[in-house]
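What follows is a set of structures to go through.
Paired with chain B in one complex and with chain C in the other, chain A is shared by the two complexes that follow.
The block that comes next holds the complex of A and B.
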């Protein structure tokens, strides 16, 4: 019996010693650090590697066509005889650029839309949200294809087609956050203190949603990479001489049937690593940027 | 005079929380408002500081009938009634320092933020505390900042909605002392809401009951 009580006590002590929250926080921090590190390495490689080697994407060299991975070509070569390592990272550079632009544009657009809609409330809010529903009702890819088809082979058309279809998610998240914020007593206190609507939006609501918006932006990044990939894969994205992960995978379709597995595997692995790194970054960032948890614990 | 006449208001359609309530506060006077929890004390407080539009009834401030509430009321009218809420932790933006919290009404109305020091001294906040954020101070200290914020624009009326419910005895005494000084020095009309009858007996000039 005494043993049982002692065991219970020591179990209680060890629970008290390692609070669940701290444990999870530590893991999220590790994920965040891995995400930041991974993303930095990928970005550095995407920026530096293509300019280090000789890569002319407008030339075809049948002599070095579809060579298996070796020390000279660690990722092998593609159907046009270009080094796949250089071409994959050049592609990642374009994909990341497109994705970052899309994420930034949709986040700013969505945050403003959501914040204004939530702050106004009433019928303007209902009207603006029905507009969001209307954009959402059309499949993203379909709407994107229409936009891209109007301006073929243009980098900005690809950016616009993704950004204009993805701001709605951010708008919804931000609006929900603003709706919950504006019911809090500190907003009442600000109104009572003579703050205007614009001042409350600028001083209290927008700073409070920066965390949510930043996380949405980071989560949009891999999604935008995938969207660009999908558009390019369908032949609607970027022109063939401008390598992107999507373009490379489109060309790889035929080569992989001839047994050249590397043309699919290496660019795909880069895509998956980018996705994992950014979602890790988002998880770590959320923990740092949302101070609510900390201050609400003190209630 | 701040007077509520026949106020009917609630949060859900057809379920009034207050059903025909009258209350008058004259400048310099401290009116206590007592009643069990859930009887609508805070709801009446919100109506009086122009944060909640009544369904029926009339609110008059210094002879003027109030028609707009929240942002529909001009800032000059809203700031004529100061308010201190029950839970200081919910009543402040967790991102701002105490200095920024107290300075907010000053800046929002075009006054220099330099007035913060005087206000902080008045409620007993020392300089170093002003640089901290809400989660780094106690409830009592935070409530002092909230009181300083409410007094920043020298309101003619002050609504203290359970101001002392979350703080210890010494902070209660300090907060009440500051409000009483304000009432006598600046002729501020005070509505002191509390469920603590003993406190209202020593604080208020007269006590009204709800519910």
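The block that comes next holds the complex of A and C.
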């Protein structure tokens, strides 16, 4: 009995949009705030820092090769003698730019796919969802590697490799949302008013899923950063003049064998902080906007 | 994946229902295998289309530097032999025909048939993944149970926080850091490879070289499993049968391990099956960093050398593993949990 009351309470609370208990809600909000703050600091540093110092990634300076962290070089220097602090933040800027571009493309792609699939219903919907299953049947990094390998050295191949593998999650979420929207009275009203399918999709369904799509885009960001870093780390990603954190870590593999731990540690910490901040922001925002979908949206 | 049927805990299943349940599971397996056929077809054709659109000339790989010295006639003959001028459909048809006769083509980067490369390398990947997965599951069960049992305590906070932090750390960063600490700073374990240079292949050698990669793979896979098991343990600790066990005065250890844990393990099995793609991804990165001579590291070598036959075979292999993983998840859940419908 007590269980029943408890269940009813939490259901009523989530319908009203109030978080379950102060403790959990407070922690989620703290996580979200920390995420926003951390990401803002990281972005500001990534934009400002590299332009403050002099950084020429094509130059090799053997005089300052693999110096341990000091006041002149807080992160130390890498195997080419470049300041690692500047390089890491420049790499972070590249990673974030590529990730944002990819997240945007795959969100648009996935939203359209999911919305069309959900709006059509019936066998076209089943067919399109089978296509999603098929894309998901290949591990994303592997599919990405195949794409990048066949179009090597092309920046757009990296973008395509990430965008073409990550849209499926968005498509699933958006389709589920459209399927539930379809049953709402305002769609019935639009149908009775004589709207065509295309008009309903354009004027009623797509605007209603914008919020979900935006959250998906933010949730995709850490995945996209991760994917790009992994590709660059494997030597299949971005070209050296656009070095991202992945490129820096690849070069660090040799340096670490010489005992230079800082070449691995600082860029890694930066990467992990970015991932944590982005996912914290995404989780906080999600809980704020759609409290009842907390578990469903976990990417 | 799994459709939850109507839950009717009070209904006792008659004997004949058990038998029809096995039939239903067999039907599920059959349908999944049937679905695998179009998946393989679409994936391999998609890869072929990508290759056809690629600006890369397969002859480059075939000839390498000798390309510059080869005469026009030689190149034309090679093209004729390799059939690179045929349309995508013809090349695809030839490849599919080869697959059915066990001929996957010749790997250009390893300079041996693809089937040989796979036969040599696949066992090492399976070994690494199996040991890594067992480690991850062991970690998940011990830490997940501990965290849920002492919910809100310091152990729970430590485990949950570490789990969330580890989720954000890519496996290759973990691998690099572990090499820096355990191989270089402490000198306990070898840096990379399958055996020491010049040493023969022996169980002791392999075990020493396997320890670090398997540990990294296991730890990078563990966070999801730990956090998931903690969650399902929490809900199963609040279940009525656990309250009943407590009311009967059973010991804490018995209640947690024999009454709460079994129901909490069920979703973990599903999760393991569904997370096969992540395991494969982790294997690619870990094998690459540790120069482990497995099939997953061959993906990277094949990609760097644009070795199309090997790349296509490995992609299909990964797709097959993913489908098997999700089939394993659904079949075990259907067999272990009578409430699950089998028509999904």
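As a working rule, the second predicted complex is superposed on the first by the 253 of 299 C-alpha atoms of A that agree within 3 Å, B and C clash if a C-alpha of one lies under 4 Å from a C-alpha of the other, contacts with A are read in each partner's own complex, and residues count from 1 in each chain.
Assume a residue touches a chain if its C-beta (ideal position, glycine included) is under 8 Å from a C-beta of that chain, and two chains touch if they have at least 3 such contacts.
Since this is a predicted model, take the numbers as computed values, not measurements.
Visitor: Quick check for you: in the superposed arrangement, does A:184 touch first (chain B), second (chain C), both or neither?
Guide: first
Visitor: Figure out whether A:202 sits in contact with chain B (first) or chain C (second), or with both, or with neither.
Guide: neither
Visitor: So, does A:140 touch the first partner chain B, the second partner chain C, both, or neither?
Guide: Only chain C; A:140 stays clear of chain B.
Visitor: Which of the two, chain B or chain C, is in touch with more residues of chain A?
Guide: Touched residues of chain A are more numerous for C.
Visitor: Pick one for A:241: touches chain B only (first), chain C only (second), both, or neither.
Guide: After superposing on A, A:241 lies clear of both chain B and chain C.
Visitor: Considering only the touch criterion stated at the top, classify A:192 as touching first (chain B), second (chain C), both, or neither.
Guide: In the superposition, A:192 touches chain B alone.
Visitor: A:254 contacts which: chain B (first), chain C (second), both, neither?
Guide: In the superposed model, A:254 contacts neither chain B nor chain C.
Visitor: On chain A, which stretch or stretches are contacted by chain B in one complex as well as by chain C in the other?
Guide: The overlap between the chain B and chain C interfaces on chain A is empty, containing no residue.
Visitor: For the complex, which residues does chain C have touching chain A?
Guide: 35, 38-39, 42-43, 47, 50-51, 53-56, 164-165, 167-170, 172-173, 176-177, 179-180, 184-185, 191, 240, 277-278, 280-281, 284-285, 288-289, 299-300, 302-304, 306, 308, 311, 314-315, 318-319, 322-323
Visitor: Would you tell me which residues of chain A are touching chain B in their complex?
Guide: 184-186, 188-197, 199, 203-204, 207-208, 291-292, 294-295, 298-299
Visitor: Within their complex, state which residues of chain A touch chain C.
Guide: 3, 130-131, 133-134, 136-143, 145-152, 222, 226, 229-230, 233-236, 249, 252-253, 256-257, 259, 261, 264-265, 268, 271-272, 275-276, 279
Visitor: Given the complex with chain A, which residues does chain B contribute to the contact?
Guide: Chain B residues touching chain A: 46, 49-51, 70-71, 75-76, 78-79, 81-83, 85, 87, 89-95, 104-105, 108-109, 133-135, 146, 149-150, 152-153.
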